[in-house]
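Chain lettering (A, B, C, D and E) follows the sequence in which the chains are written, and residue indices restart at 1 in each chain.
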Amino acid sequence: MSLLPLAIDLVLALTLLWLAWRALNSPDLFRAVVLFIALGLVLGLVWVRLDAVDIALAEIALGAGVTGALLLAALAKLQPAASQTDELQTAELQTAELQTDQAAVMAPIALRLFIALLLLAFLAGLGFAVWQLWVPAPGLSNLVEARLDESGVAYPVTAVLLNFRGYDTLLELAVLLLALIGVWSLSTAPHLGDEEPEPALAALSRLLAPLMILVAAYLVWVGAYAPGGAFQAGSVLGAAGVLLRLSGWRLSLSATGWPLRLVLVLGVAVFAFIGLAVIGFDQPLLGYPPGWAKPAILAIELAATLSIGAILAALFIGGRP
Amino acid sequence: MPMLLNGADWATALVFVPLLAALACFLVPRAADWLGVLAALLILLATLGLVQDLLSDGPLRVAVGGWGAPLGIDLWADGLSAALLLMTALVGLGVSVYAPGYFAAHPQQQRWFWPLWLLLWTALNGLYLSADLFNLYVMLEVLGLSAAALTALSGSATGLNAAMRYLLVSLLGSAAYLLGVALLYHGYGTVDIALLGQRIEAGAVATTALLVMAAGLLLKTALLPFHFWLPPAHGSAPAPVSALLSALVIKASFYLLLRLWLDLFSGLGGLLAALLPELLGLLGAAAVLWGSVQALRQRRLKLLIAYSTVAQIGYLFLGFPLAGVQAEEVAWRAVLYLALAHGLAKAAMFLSAGNLLQFAGHDRIADLDRAVQRLPLTLTAFVLGGISIMGLPPSGGFVGKWLLLESAFTQGRWGFAIVVLLGGVLAAGYVFKVVGYAFTPTEIAQEGEAVPLRMQWSALLLAFGAILLGFSAPWLWPLLGVGDPFGLPIAEVGAAR
Amino acid sequence: MIPAIDAALPPNAWLPLLVLASSLLPGLVIFFLAEQRYWTRTLLNLAGSLVKLLLVGAMLWGVFHQQQYAASLPLLPGLDLVLRVRPLSLLFLSLSAGLWLLTTLYAIGYLEDSPNRSRFFGFFSLCVTATVGVAMAGNLLTFLIFFELLTLTTYPLVVHRGTEEARRAGQIYLAHTVIAGALLLAGTVWLYTLAGTLTFTTQGFVADLVERHRWSLIAIFVLLIIGVGVKAALVPLQSWLPRAMVAPAPVSALLHAVAVVKAGAFGIVLIVYDVFGVEVAAELGVTKPLALVAAFTILYGSVRALFQDNLKRRLAFSTVSQVSYIVLGVAIVGPLATVGGLVHLVHQGVMKITLFFCAGNLAETLGIHKVSEMNGVGRRMPWTMLAFSIGVFGMIGLPPVAGFISKWYLGLGGLEAGLHWPLFVLAGSSLLNAAYFLPILHRAWFCEPPEAWPEERDFGGNKETAWLLLLPPLVTAALSLLIGLFASMPFTPLEWARLIAEREFYQP
Amino acid sequence: MNVASLLATLGQWAPLLVLVVPLALAGLLAFPRLVGAVGRLAPWAMLPALLAGLLAPQTELLLPELLLGSSLMIDPIGRPFLLLLGLLWLVAGWLAGERLRRRGPVLLFLLAMTGSLGLVVAGNLVVFLLASTVSGYALYGLAARQSGARAFVVLLVLSDLLLFELLLLLVKSGIGLSLAPAVAPSAAIGGSLALLVLSVLGFGAKAAVFGLHLWLPRMLSGRAVELLPILIGFVLAAGLLPWLRLLAPGALSGDAATLLSWMALTSMGLAVILGMLQGGQQALLGYAISALSGFWLLLLSVSGGELGALMPVAETEARALAMALALCQAGLALAALLVQGARRWARQSWLDWMLNGFAVLLFADALLGMAGVLAFDRENGFMIAACGLFGGLMGQLLCARHGTETLQVIGPSRPLSLSLLAAGWALLMAGGAMIAPSGWPLAASLSAPVSAPLAALALIGVTTLSALLALARPARA
Amino acid sequence: MSSVLVFALAGLGLIGLGLYGLLVQRHLLRKVLAFNVISSGIFLLLAGLARRAPGAEPDPVPQAMVLTGIVVAVAATALALAMMLALRSATGRTRLEDHGDED
């Protein structure tokens, strides 16, 4: 067993840990966020290394991409927000805000040591448990293999995701919608200035947007045979939405009413209706009738992609329209 | 009509009705009010259907998608989950009837309350029915997020601060739970509780998983050391929301811990399986005493009720040491009774606190100016709820306290018996402190604004529910026995129905 | 409200429930009546009390002819809410039903134009429902449930005035009764775990447990007696009673003459006779300390009453000592002492309620609260003072009035049990009673009245006071005179107590 | 025929009627308009008692449901007392006059009357206790404003308590409470020391035997004239009658008897000595009564002796009857003296002192009769001492009553002659006691029933004359 | 097979670091970052061990779970950030005010 792959793995693991440590403890917030995005990317590599291509895609698109975007947007809102809301406050208060930010970042030394010790003990326990689990075990892979053809898709992960454990996915979509509702309940969308965006961004977005939409459509289709699927496609679509938003494009006022909400709700609604409709054909809940599995899954995936894209874009914008 | 629908359909309805209602309320906010109430009624009907089905032909196992246990996700409904579902349905109906009245005064909150609350309800019903660990994780996540969002609904500084802390705590809790699920999956190859129950055996993996999951769930159930987030969250949330949080949300994570303990870990044996229940019992006892003393000290009504929740949660954990050794049924049924009674009573108390807040504009206990005479229904609801919290007869709380004492005395655990009694006395202390001030006038008479009858009656009906629970043994007792939830973990595999 | 009772109950089972409902339903309806609906409220109250009186009369007649009245509602598997009417429960039932009617009349007159009357009468009816429930309890669990309900329903009555002082009195009342309730619950559950049943049986149901669980049985007895003793105002636990005098007169009349205090004494009777059985209790050696506590309470209450200037506080302390006569009668092992204790339960109720009614009249009509203000009141309110005097003679234990009969049987019971000290206790307390009651009479009848009474309210014409306020005390005074004079008639309390002792406690 | 049967049933229910009539009158007081009429009728409420005393047959009426099972009776001992009480209440009613117009006093008057009559017709001790409390507290009500009232009420409470204990002990020891002569518990009471002490102290408080007598002199010296006969009636009926019933003559024996007799002798002696020192007329009579109670107790205790024990039952009844008659005569005489003495001392006319003299003679004769009835042999030292002492008191009484009167007529008052006269009288009394038992017919006959009506005539005469004199000379205060 | 162990242990390391960061850091944004690090660590552990399955494809079920987990993490982060911003605009602080029960 050659040493090379082990070495690569070790290097990857160490960079992971180092990036995490730096991200969490760097004094400047912006650098912390950027390091976090880098961590996401390296993690994507690790997933590829572990042959979990699907997860890699999701990790990069969602973990690094969308989360990164959200963090940066939040950071942007934090800095100017400080100046915007309290113009009345004098300058030193702002500096005071920054200084206290640094000084108080760390709890007292003794407490931190104690927590560190506690965590070490906890990790040792976990490590021992993981050590026990090191023995090779097939888990449910061959069971999935055996029932794959009944599931209506060729690729096992999508089969698990949308058929065997479709109930989880339904709820997952609900979580996304819930997060959006939570965000909208907390604040209204910041009023975008209608000054013209720089020409380069406008041109780039006009070029990239259709490409992204195409990639999203392809991802949805390929999900049945290879890594891909609704979530990855959705995140790409979301990214397209973010790009358009940044380049100053806005939905017309009438569209921000119930139509937008319908799109947002579409994914969950379609999945739920199909799940319930099959009961009519005396199938168990979410059990697609034998012939119908493939088209049903496809329909669900399409609807899900659309609503995930819309939700991610809305999440990035922040407040309710 | 019920003849047509069998148990599986009721279970499906229980999860999908609130989900679809949530979507509808999100789509058409103007119609949210009556949609919400309609959904609440349907859910109650579904719960009763399920209960009737369980009573007639035993526990229900539904294979979602028809794939069966190891591969697909199963729904499992037995006495334990049916009882909690019934409580959720009743409290949910009460709060849904109360909410339109309350949010009439806060229109912008009303628009977001309904979708969040119905999603919370979906998560609750899904959690009580699910028999799959990862599915439970997703339910927990939905629950945590919606509860945090609801807490932040009031938009006040303290509300947001509390909601933030609550969100972080619940995220950490579910992350720990997920870690436990990962360990169990890779240790024993399945995430279905029934299968796990058979495959699990004492070892490092099982012990670590138990510890991690227990820590996560204790964090979300706010047992004593981890209770710091509960009082500000429940205290500063809008009244219907704090009622939901106290009565339902913390019960979900407790139910999960109970389910894991009963079906997976109680049979393990070994040092930890003996030590953990004792530890939980001690923490529970400390919670009862510390929570009650804190509640006595409070000067604001909602914080008092929140600390009372911390105390009552302590009662639930007393069940572990008392039932630990011989896995005796009485202690667990006591805990169930206490949980149900607390749910109904605490919801009634928070709703009446909401009424008082809306009436007087403040909830300082000392300045309840002759509230008994000006808000008789609300005070009656508060007192009836208080009676159940104190465990005075004829309430459900009394039956729970009686069974707990019975199991304590049969096993000779004097310490726990004394704690239970002392808890009851302290509870009487703080409930009647409030009632005492409700009788006396303040120096300057305060005029109050009218509180719609709908709000007062919903609080009162919930309180009556807590009292009638005391008389409900003839049909509740057999229900608790369905599927022998408290027996040793030998549930049968995959016999889908 | 009672889902599990099957409709096909024998008629005898409906009577106890109807007795309960006869005060529960009016109470609940009155809660929702508006304040100015005077006549509906009065009608409801009187109808409820009359119906209850008739039902109790019917049951008296039935039980006398060996009828069985029982209704049960399953509460827990193996433990039901049992209402069983036995001669013992009828004794307490007839007392509370009768005096409730009179106290309602009195309360209507007393609270003529005061606020919150619907709330008052609502809780008033609930309080009587709880008392009736305590009387008809068939097992210790039912007794516990109604006992706690009694605490809950009497608290709002004590705090009715809404003053700060009333609130504090309410807090103290609750502190005592809730802690006692907790101890009672502990004792009951512990007993249930040992005995497996809680149903009241004639010679008690713990006889076979004695040799194995001797010390736990003693501990259970102590717990139960303390739990019940607070309401029976035994010495260390009686400080709530005088402070609860802040309540309006009809409340202190009903509470201290009938509902709360008697429920406590009735509880002790049940515990000693129907839970432990008097022989077992004697064998455990717990009756002697109980008798000593009762004796000490008798003397302590009387001595404290000597120094109270406030009339109602003096009567309250007198109640503390008088209730312990019942406990003394129960603690002395013997049929005659039992008869004495049981019959005093009724006699003290009737006599004490007369005194409280008169005290209420004095307070309401002339604004007199202190004994020192009572000079020459006999001339201004002759009929009230006549009733008061009859009540006082009863309290001292002079022959024509009922108190003599119970002291007679208590003394005889003490002698029959070979003890001489109860005689000295009774003699001592009679002396003390005379010492703190006779000066009141002397002051009322033979001293010159002051020029003006503190707050005189005239009730038109030369009427002494409102007839609603005057009638009840006169009726109860006449009643205490009659049940004293004709004590041996068939349906008097004495005969009924003899019947109970012979049927229930001393099977051959 | 039906008249006879009516009379028979009337006779049967007589004892109840005696009590019911005054109670019914008291009941009528509830109606304000009738108060005046009832006030005037009140003195005559004792009429049924008088008739019952004279005509009613000896009956025992059992009332099982009244107060733990009670019974009323008219027996030979009770009959003279009924007459005595009837007369006393009649006189009291007359003397009260205007004071019986307000509702309070009339009610108390009638209650006291019922109580005292109840004492006589009581068939068992429970009814007796009831009657004694009712009469005692009613009397206290009537005399509340007088100086001795407070002491009286304290003693009342104490004596009721002691009687209560006595009754309990009697029931406990199985003796039963009936006072009917045949089954009276005299033997048993003699037996146990506790019962004896309780009965002596219990009834002694009401009989104002020395040591418990403080209230009587002060009560008698009060201004209300009508109280005097009532007090005498109360003392005799509540104090001395029960002793007679419980300690039937000849019942006591052994060391209990000697102890009791010594105690009675000392108390009587002290009463006489203190009586001598009394200034006031009424106070002196108070002590006379106290001495009489002592004398009465002495007779009962001494009469026992070995001789008594063998006495056949019929014999004891006859002697009890004779004793009762003598006591009533003494009572009447004392009442006459009291009523007579109540008026100003100075306005005594010769008619008054003649009447006084006659009353004193009557009293002395009654005492001799009592002593004679018991026919003691001469060696009995107690008897001599008793008679001597009592004689002395009588002498004092004579001098106090009319000695000064005669001296005023003869010349300036000289105390020496007074004491000589008293000593002479004492010797006369002592000699009489010695010779009487030897069957001196006069003593025996004097105590015969015939002398009672004589005393009644004297009393009625005295009261009518004094009322006339009082009316005739209202001017001179 | 060893790569599975390496990455599993790396996952544990991430969890440890994240937990330490969450407990120690007071700024809310940093806490959210720490939370994301923890979830990534757990996913690494969950899907990493999936690779133990012999044959070409790793066990698909944990992968599906991780996918769901990632989406949930994103949703949670979005909500947390929005709440932080709302708290900031309401109180001007980005730190949790841990006063006790203010009365």
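Here, a residue touches a chain if its C-beta (ideal position, glycine included) is under 8 Å from a C-beta of that chain, and two chains touch if they have at least 3 such contacts.
All of these numbers come straight from a predicted model, not from anything done at the bench.
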For subunit B and subunit C, which third chains touch each of them? none
From subunit A, what is the lowest number of touch steps before subunit C is reached? 2
Max Cα-centre separation from subunit C goes to chain A
Relative to subunit D, which chain has the most distant C-alpha mean position? A
Pair joined by more contacting C-beta pairs (A-B or B-E): A-B
Subunit B-subunit E separation of Cα centroids, rounded to whole Å: 27
Would you mind pulling out the distance in Å between where the CA atoms of subunit C average out and where those of subunit E do? 67
Distance from subunit D to subunit C - Cα centre to Cα centre, in angstrom: 45
Where the centres are mean C-alpha positions, what is the separation of subunit D from subunit E, in Å? 111
For subunit E, jot down the residues that touch at least 2 other chains. 15, 45, 49-50, 52, 61-62, 65, 68, 72, 75-76, 79, 83-84, 86
Can you pull out the residues of subunit B that are in contact with at least two other chains? 134, 138, 141, 145, 148-149, 152, 179, 185-186
Applying that definition of touch, give me each pair of chains that meets it. A-B, A-E, B-C, B-E, C-D
Seen from subunit C, its contact residues with subunit D in the complex are 382, 393, 396-400, 405, 407-408, 411-412, 415-416, 423, 427, 430-431, 434, 438, 442, 445-446, 484-489
Residue numbers of subunit E touching subunit B in their complex, please. 15, 22, 28, 31, 35, 38-39, 42, 45-46, 49-50, 52, 61-62, 65, 68-69, 72, 75-76, 79-80, 83-84, 86-87, 90-91, 96-98, 101-103
Subunit E residues touching subunit A in their complex are 1-10, 12-21, 23-27, 29-30, 32-34, 36-37, 40, 43-45, 47-68, 70-79, 81-86, 88-89, 92, 94-95
For subunit A, which residues count as touching subunit E in their complex? 1, 5-6, 9-10, 12-13, 16-17, 20-21, 23-25, 29, 32-33, 36, 39-40, 43, 46-47, 49-52, 54-55, 58-59, 62-63, 66-67, 70-71, 73-75, 77-78, 81, 85-86, 101, 104-107, 111-112, 115-116, 119-120, 122-123, 126-127, 130-131, 133-141, 144, 156-157, 159-161, 164-165, 168-169, 172, 175-176, 178-180, 182-183, 186-187, 229, 231, 312, 315, 318
Touching subunit A in the complex, subunit B uses residues 8-9, 12, 16, 19-20, 22-23, 26-28, 62-67, 70-73, 109, 112, 115-116, 119, 122, 126, 134-135, 138-139, 141-142, 145-146, 148-149, 152-153, 179, 183, 185-187, 189-190, 203-205, 207-209, 211-212, 496
